[in-house]
Amino acid sequence: MTVRDHMMVAHSLRGEVFGPARALHGATYVVDATFRGEALDDDGILVDIGRAAEVLHSVVADLGYRNLDDDERFAGRNTTTEVLARYVADRLAERVAAGELGTDGVRGVAVTLRESPVASATYERAV
Amino acid sequence: MTVRDHMMVAHSLRGEVFGPARALHGATYVVDATFRGEALDDDGILVDIGRAAEVLHSVVADLGYRNLDDDERFAGRNTTTEVLARYVADRLAERVAAGELGTDGVRGVAVTLRESPVASATYERAV
Amino acid sequence: MTVRDHMMVAHSLRGEVFGPARALHGATYVVDATFRGEALDDDGILVDIGRAAEVLHSVVADLGYRNLDDDERFAGRNTTTEVLARYVADRLAERVAAGELGTDGVRGVAVTLRESPVASATYERAV
Amino acid sequence: MTVRDHMMVAHSLRGEVFGPARALHGATYVVDATFRGEALDDDGILVDIGRAAEVLHSVVADLGYRNLDDDERFAGRNTTTEVLARYVADRLAERVAAGELGTDGVRGVAVTLRESPVASATYERAV
Amino acid sequence: MTVRDHMMVAHSLRGEVFGPARALHGATYVVDATFRGEALDDDGILVDIGRAAEVLHSVVADLGYRNLDDDERFAGRNTTTEVLARYVADRLAERVAAGELGTDGVRGVAVTLRESPVASATYERAV
Amino acid sequence: MTVRDHMMVAHSLRGEVFGPARALHGATYVVDATFRGEALDDDGILVDIGRAAEVLHSVVADLGYRNLDDDERFAGRNTTTEVLARYVADRLAERVAAGELGTDGVRGVAVTLRESPVASATYERAV
């Protein structure tokens, strides 16, 4: 089951490889969060779409409308698309483990962040 | 190899978790069917796109323009996006096993149903 | 300025021309609402995106998760994509005229409803 | 004729109406530039797609990978989606007038900036 | 009201301006056909979506799976995206005028051909 | 990490199964290339998006604006979507192995070619 949200952030990247992206710029990240499992519950669902969307929104809202260069959660690290995908996936896995999705059927999460029509990054992990 | 079709259905969902979706409403499901295999045949294909599209269309047409609450195939079960994705995948697997795709190279099928720009469900299975 | 939302409804259509759509079925309508004007205000906007999204959402939420065949607002009329686009556009025009968008620069509205990847309808009107 | 490009910028917006967007954040703008005319030339084109794409890219590249709050071109003004759409359209109109598109058939330009899957702004003008 | 179809053709373009597109190559054109009018009929439609889709498909099928360089309809002319959009629009206007859409409410047609994610052409005309 | 490009080619397919696609026609292939790995480097990336895009573009440019029926690389073979996806994936795997992506973290590549809104093929392999 996959739900979508988005966030708008400012940041810059440190390292010669990044070229023009070393300057302070920004991105709209379209965020797809996938919850995987092996069986459906008695209601016929893996997770409720509405609840999954709320949990994703709370994680995404905690990143959006910020300059990530000033965010202590990423101190000393580049906030690349890959790093942000992993961050969102890790927060979702915590929420699943805490029972916030109201199900015990989720075995894994995958998060894709699309930064433009031509580039995206996905991070997958177990729960 | 993936082919796309769509279907338009009415239904309601039983269970407190579904909130407003407990009322009779409807959905356009955009259906992506993926056929997986390990090798291509002498024509350079896993399955013919045209034949795959026809088989998917016949499965989808058998669900569309209906009120699924009155459909005996789903009696006593919720027709959630997950359940419908599994139903389509199971029918496609039967068609593959019956040789209707004109190939013996398909090892698995995956079906994704997109119910809105922000929610979808995928079901994967072996053939 | 254009904002997007969506709604999921059940309905049927009366008339020989509609073929299988005469049966009770449903649709996810992706709704794009465009507000047109000739000048931007001192903040550099025609309308605030957040406020426009809220107004659109309230109009769309008033239609969604329903069987439109039982809706008094459409008694005796087909709820075709064209009719629903006009209904949404008329409600938005009322909201604009009532000052709910917090601007007096809007001169017209246009509403597009996409019912599937291959079909949509647009209704345009002055405000 | 329409060509597409994109740009990634940081900025903040001044004014109570903008809520969380008053903080420094960012956006990926997907930019569609449309060139309008009444007749095709002897080659069967209004403008060459390749040349149109190059001109759009040079305008967009001049905005991307920047913090627009520090950009003199927008000093004292909000860089809303509407303002940026107008800025890009004005630059394209200058390029058309200067003959850089290699045609004299263009009568108008329209620029759409999509800032997220749910919001965009369009600015149209004559050339 | 807008319906979508697609076609796959081979062609080459004559003229220095076209660069690499002077070689024989090909394109998938995603074709959007819009029918415009001022009023809906008693069924609540401008044109029936199903009939509009059939008419568009017959026009598009008459172009697809061909090498347009060998097509007498375009002898001596480049089959640019603009030219093909006009050709499809002209054929649709003829069909409307011949009553094949089963309505007398259509006042104009517009056809958009998308040749790639970054380029498209639209042709509009009265009926 | 996934980057997108596209190419426009002419070709025909040999074999009864292909029906109308046996005639010379063409396609725009939208190409998504995914690079997979298990860990990020010290910069916080698997591969640099810019470099990945350049490598993909050079592979795709080597196929585009051609009639693949005359291309020696595919002599005696059908250039189906599946075959082309495998060809692009094999070339990308060679580039990864040659160190051209400036990283040793890539373990696999997957290439998806979309030939139309309703059909695509994906080829995955290790590096």
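Order of writing sets the labels: A, B, C, D, E and F. Residues in every chain begin at 1.
Rule of thumb we're sticking to: contacts are C-beta pairs under 8 Å (C-beta built on N, C-alpha and C of every residue); 3 or more make two chains touch, one makes a residue touch a chain.
Because the structure is a prediction, the values reported are computed rather than measured.
Colleague: State the chain with the largest centre-to-centre distance from chain D, centres being mean CA positions.
Modeller: B
Colleague: Degrees of rotation, nearest 5, to put the Cα trace of chain A on chain B?
Modeller: 120
Colleague: Since chain C and chain E are copies that touch, just let me know if over half of their interface numbering is common to both, same, or not, different.
Modeller: Comparing the two copies, chain C and chain E contact each other through largely different residue numbers, since under half are shared.
Colleague: Farthest from chain E by Cα centre, which chain is it? Let me know.
Modeller: A
Colleague: Could you check which of A-B, B-C or A-D has the same interface as B-F, with more than half of the contact pairs identical by residue number?
Modeller: Repeat of the B-F interface: A-B.
Colleague: Go ahead and note the Å separation of the Cα centroids belonging to chain B and chain E.
Modeller: Comparing mean C-alpha positions, chain E is 31 Å from chain B.
Colleague: Distance between chain D and chain E based on Cα centroids, please, to the nearest Å.
Modeller: Spacing between the chain centres: roughly 27 Å.
Colleague: Just curious, how far off is chain F from chain C if you go by their C-alpha centres, in Å?
Modeller: 41
Colleague: Identify all positions of chain F at which a residue touches two or more other chains, and write them in rising order.
Modeller: Within chain F, residues 4, 21, 115, 117-118 contact more than one other chain.
Colleague: Within their complex, state which residues of chain C touch chain D.
Modeller: Contact set of chain C toward chain D: 1-5, 34, 40, 43-46, 48-51, 53, 102.
Colleague: Which residues, counting only chain F, touch chain B once they are in their complex?
Modeller: Touching chain B: residues 13-15, 17-19, 21, 77-83, 86, 115, 117-122 of chain F.
Colleague: Can you list the residues on chain C that touch chain B in the complex?
Modeller: 4, 6, 8-11, 20-21, 23-30, 64-67, 115-118
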